[in-house]
Amino acid sequence: MYRFNCDYLEGAHPRLLSRLTETNLEQTSSYGSDEYSERAKDKIRIACKCENAKVFFLVGGTQANYTVIDSILKNYEGVISADTGHISVHEAGAIEFSGHKVLTIPHVNGKVDAAKAREYVEKFYSDTTYAHMVRPGAIYISHPSEYGTLYTRDELKALRELCDEYSMKLYLDGARLGYGLAADNTDVGLPEIAEFCHVFYIGGTKVGALFGEAVVFTDESEGDYFFTEMKQHGALLAKGRILGIQFDELFTDELCYNIGKHAVKLAMKIKESFVKKGYRVYLDSYTNQQFFILPNEKLTALLEKVVVDNWGPYDKDHSLIRVTTSWATTEEAVDYLISLI
Amino acid sequence: MYRFNCDYLEGAHPRLLSRLTETNLEQTSSYGSDEYSERAKDKIRIACKCENAKVFFLVGGTQANYTVIDSILKNYEGVISADTGHISVHEAGAIEFSGHKVLTIPHVNGKVDAAKAREYVEKFYSDTTYAHMVRPGAIYISHPSEYGTLYTRDELKALRELCDEYSMKLYLDGARLGYGLAADNTDVGLPEIAEFCHVFYIGGTKVGALFGEAVVFTDESEGDYFFTEMKQHGALLAKGRILGIQFDELFTDELCYNIGKHAVKLAMKIKESFVKKGYRVYLDSYTNQQFFILPNEKLTALLEKVVVDNWGPYDKDHSLIRVTTSWATTEEAVDYLISLI
Amino acid sequence: MYRFNCDYLEGAHPRLLSRLTETNLEQTSSYGSDEYSERAKDKIRIACKCENAKVFFLVGGTQANYTVIDSILKNYEGVISADTGHISVHEAGAIEFSGHKVLTIPHVNGKVDAAKAREYVEKFYSDTTYAHMVRPGAIYISHPSEYGTLYTRDELKALRELCDEYSMKLYLDGARLGYGLAADNTDVGLPEIAEFCHVFYIGGTKVGALFGEAVVFTDESEGDYFFTEMKQHGALLAKGRILGIQFDELFTDELCYNIGKHAVKLAMKIKESFVKKGYRVYLDSYTNQQFFILPNEKLTALLEKVVVDNWGPYDKDHSLIRVTTSWATTEEAVDYLISLI
Amino acid sequence: MYRFNCDYLEGAHPRLLSRLTETNLEQTSSYGSDEYSERAKDKIRIACKCENAKVFFLVGGTQANYTVIDSILKNYEGVISADTGHISVHEAGAIEFSGHKVLTIPHVNGKVDAAKAREYVEKFYSDTTYAHMVRPGAIYISHPSEYGTLYTRDELKALRELCDEYSMKLYLDGARLGYGLAADNTDVGLPEIAEFCHVFYIGGTKVGALFGEAVVFTDESEGDYFFTEMKQHGALLAKGRILGIQFDELFTDELCYNIGKHAVKLAMKIKESFVKKGYRVYLDSYTNQQFFILPNEKLTALLEKVVVDNWGPYDKDHSLIRVTTSWATTEEAVDYLISLI
């Protein structure tokens, strides 16, 4: 049965697995000090047009989020997030485990709106009791967001300006960044992200790798002890080259970008088909996650043939579903899905 | 140049990599709920003769240590460890990051001696101010230890009895367990470990896997919420099947055990050769790590030809070195090393 | 200038200060093991009709909240609170500092509504991804609430039933409990609180003491190591008798209750006067905190003569103010305030 | 029965209690923003000859230690302490609770020896794996030490130089500082402490106050958000003026110093008497704590008449005892003790 319920259903893009196999018996130094990791870091710096960026490879998204956020926050600071943000809902309290509060504000299309964030921060500092409250020390955004939506260059710029004004850091969770970079109408590439974010990560797990996320510090005042913090947070891989080899390959011949293009093209095809058949789109996503509002009986029928992600009741008669494509989704699978609706 | 400096220099045992490649495009459910993971867990339960054991797959050793220890300790408890224990030296304070103190006692041949541990615990409870101190809630041991030494069945039994007497948990770090199980003169197999330890992990990273450690809870009162705790500690792999497939293979046709046998046989060959040539052994190890005391000029000469691990000065004229074999070490490499000494 | 802005403007009720002075040069054992502390604990057990209750004296409210909550939660659990709850707003992230998430739900009259809490918990457990989320392990309520409102016996009972159903603990923050017990129309006394709450604290700081809060564990499965947890959280007073003497006196001749009666009587007099003069009440409180909606120009004039607590804009033309009485408020001060409105 | 077992057996010096009584019904603002607290801070700045020092009043020693140490350390740093240091033994793991490791080195006369600390730090940075270990970020010393011994000016200077060299902070726990300042042969006064320590606290609990410790940041780069950190650590007293009034009085007419003089004079009298009668001194202390080695039968007899602190067996036939004087010890009590030996 074809599955569209998430973008981490398969192993790795075959090119990555081949590279792991080819290099398997080489002996390299550990903890990311090998030449593959160095090469991958260089390629990432070039792609980001940020030659002094500090790059680290971690294993997973929650791990990257809570290690980075704990690293950039002071002990008494919290992190602003949309109420739909992954860190505030689905990370089992990892941020709090590391001692920090997630300061939620209502999302706008799954995103942190700079105006709303400003309102939050200004209200905070105008409160006479603010020294009794958790100081906002960073803003967490995900790009694409948990709803597949994307920030524009101007939106990132506005968030960065807000951060600079109030001594906060801007952190971007790029778990699905490859699918965001490949969207048709985005004006945000890696250089723009590197320009506006103090730190971000480029997701591998959902974009072709077995696992792995590349954390990039563009802010020179951050990240100097991140290696030790990784170890302290259980986030340092002994055979670091496994991560290095994968990212080296993802940044060879634009593989990462092409993976994104492939998945986005199929996602757009799915969206057009659903729309053409009269289904409502929940939030208008141009990336690999698509959200539709389906009559309950239609959903029941659909789930007998394929797996999609049921996000629960939209109203009494309808449900919200997520359909996800990835580097591994085939044209054939998509055509089959479309034939069912 | 041949390297003997550690046991995580290469990728994975070819059989594991093959299985990852064969299954690569299958779609499976995530976070370890796939059939490979289930199968691997069953095989581990059988190998441990502990049918109700709860088994979880984590990525690395420090991660396993601090997630397990935080899980089994109460908020106000600490963990007893040998002063040479990995958690007390080389994990960047991960245990303390999770809020717990490491209570060190002097090692005996790299191990926690039950008599010394008892002395510590009895002294603790006889101190009139003990309510102002950190209560020992668990004992951490590594088997093989950081010095390659092994516990006997009786030693494990004595530690378990001490734990039972004082409401502590016995936790065994098995980063190199495969090499311990394969030692010539050990009376400790997986069933003995499962019998005496409340929880332990079977290391994959150093014994043939790309990465991965299998945490096994034998104590029925522990581990019920470990999945959530893994997520909270950044230790949950999205594509859990990558771990499941590897452990499934490691526990097929005794691969894990055979890997151990191979490495131990070569380690013994190295030891015999060093001894025969008159070098002193530091601690008498029967596993894949060997420790020798070398004249400094000899070490300098050796390091021009091969890589071994220099543990620093033993005395003014000698240094302590570690020579490590693994699943990937070849007879040829060993012979070359022997030819140099 | 008379101040009505909070209930911790003065030192201690003179009877407490006298007792501290009378006993000053006695030598007693430390950390709360003195006879005064023992006597105070006994009196509290009797007042609560809970003879096996474990009683501990801490210094302040935030300290009590985060030490208790960390004690009763498992590592992976969070605490449900109204969004107006003190722990979620004004404790600088102390709960998160101890590793736990505050799970907020919208308040109803400043309180946690059992039906809304049930909805939250049921939604949590019906979410297929709940193992990735923070498990609710306790409910935090304040009585009186931050808005002066009170729970009824039935409301407490409903909350306790919900807790029992989902293995949660009910914790009551009684920073101003004395003023709640003395309210005219309450059916909740100490025995009811002890019956329905697993743990609660009786506030001293705001009810006649220099400082001090009495934490009461009624749940026999909790609190066994609370002494050590207090030390660990910096919450153990060396000269514990300072707390014991004060609570001993507060529970002598119903002093605590009479203090409450005095403050509540004056608060009711203030409310009636404001209402009679046509000012709107914000939430209808029967305790020592009163909330009024005042025209801005009226507030400006008032603040020239007395200090009240300005809680900010209610609408364009009005502000929300808090007027607080305490054991130390005089009839004279109240009459002066009334003369101004 | 006279007690000499510690220096917190009574309430407060009568002058402090009088001031609390005189000011009891004044209304002041809260959380330490009152005029008494401001005045006390000014007096402390003057006594320290450090006009820009940031001064905060906390309730107790463990609380001060763990709030300050958490404030000055980075997330990945630990604190060096003598193995006899209060933070490493008797604070129930408060430092670890806040996420940091205590890095112990063997004490020299109860103190941190700068040469031994240097050895530790140099060994740390020369270890090729130091990035996997806890970076030393501060040195904790107590003055007087837990054994009553004192640092000389030169010793403080050497520790500060070491700190400056390796980007560490020097923190002095002054729980009994008043008794140290009053020692006969010390060359360390408050200005010297302020000169060499980045942060320290002046103890009140053991030196005349009901409770209270004055934390002094002399390092301008530290302490800016300490108010919020106090709240976060449960260390902010609502009625801050209780602390302010007491320290204001302690720094009026050299009360703090005179209290010290009184206790030290009596302690010296005790020491001389014990020595004259042939008892051995354990460590030669010139402050209010005296340590003697007593034959067991002598101790048993003594404990029938007075209370001294039994620190357990020294050898088979002898025990180590601590005899402590304080502001409240009388000449009469001391003469009685001397008559018994």
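Going by the order they are written in, the chains are A, B, C and D; count residues from 1 in each one.
Following the convention adopted for this analysis, contacts are C-beta pairs under 8 Å (C-beta built on N, C-alpha and C of every residue); 3 or more make two chains touch, one makes a residue touch a chain.
It should be emphasised that the depicted structure is a prediction, and the values quoted were computed from it without experimental measurement.
Common neighbours of chain C and chain D, by the contact definition above: A, B. Chain centres here are means of the Cα atoms, and by that rule the chain farthest away from chain D is A. For the pairs B-D and B-C, the count of C-beta pairs in contact is higher at B-D.
The distance from the centre of chain B to the centre of chain C, with each centre set as the mean of the Cα atoms, comes to 49 Å. Centroids of chain A and chain B (each the mean of its C-alpha atoms) stand 33 Å apart.
In whole angstrom, the spacing between the mean C-alpha positions of chain B and chain D is 42. Residue positions 75-76, 91-93, 97, 99, 131-133, 228-229, 231-232 of chain A each touch two or more of the other chains. Touching chain A in their complex are the following residues of chain D: 70-71, 74-76, 99, 131-133, 135, 225, 227-229, 231-232. Put simply, chain A touches chain B in their complex at residues 2-3, 6, 8-12, 14, 17, 20-21, 23-30, 59-63, 66-67, 91-94, 97-98, 205-206, 210-211, 228-229, 231-239, 241-242, 328. Only residues 75-76, 78, 89-93, 95-97, 99-102, 129, 131-134 of chain D touch chain B when the two sit together in their complex.
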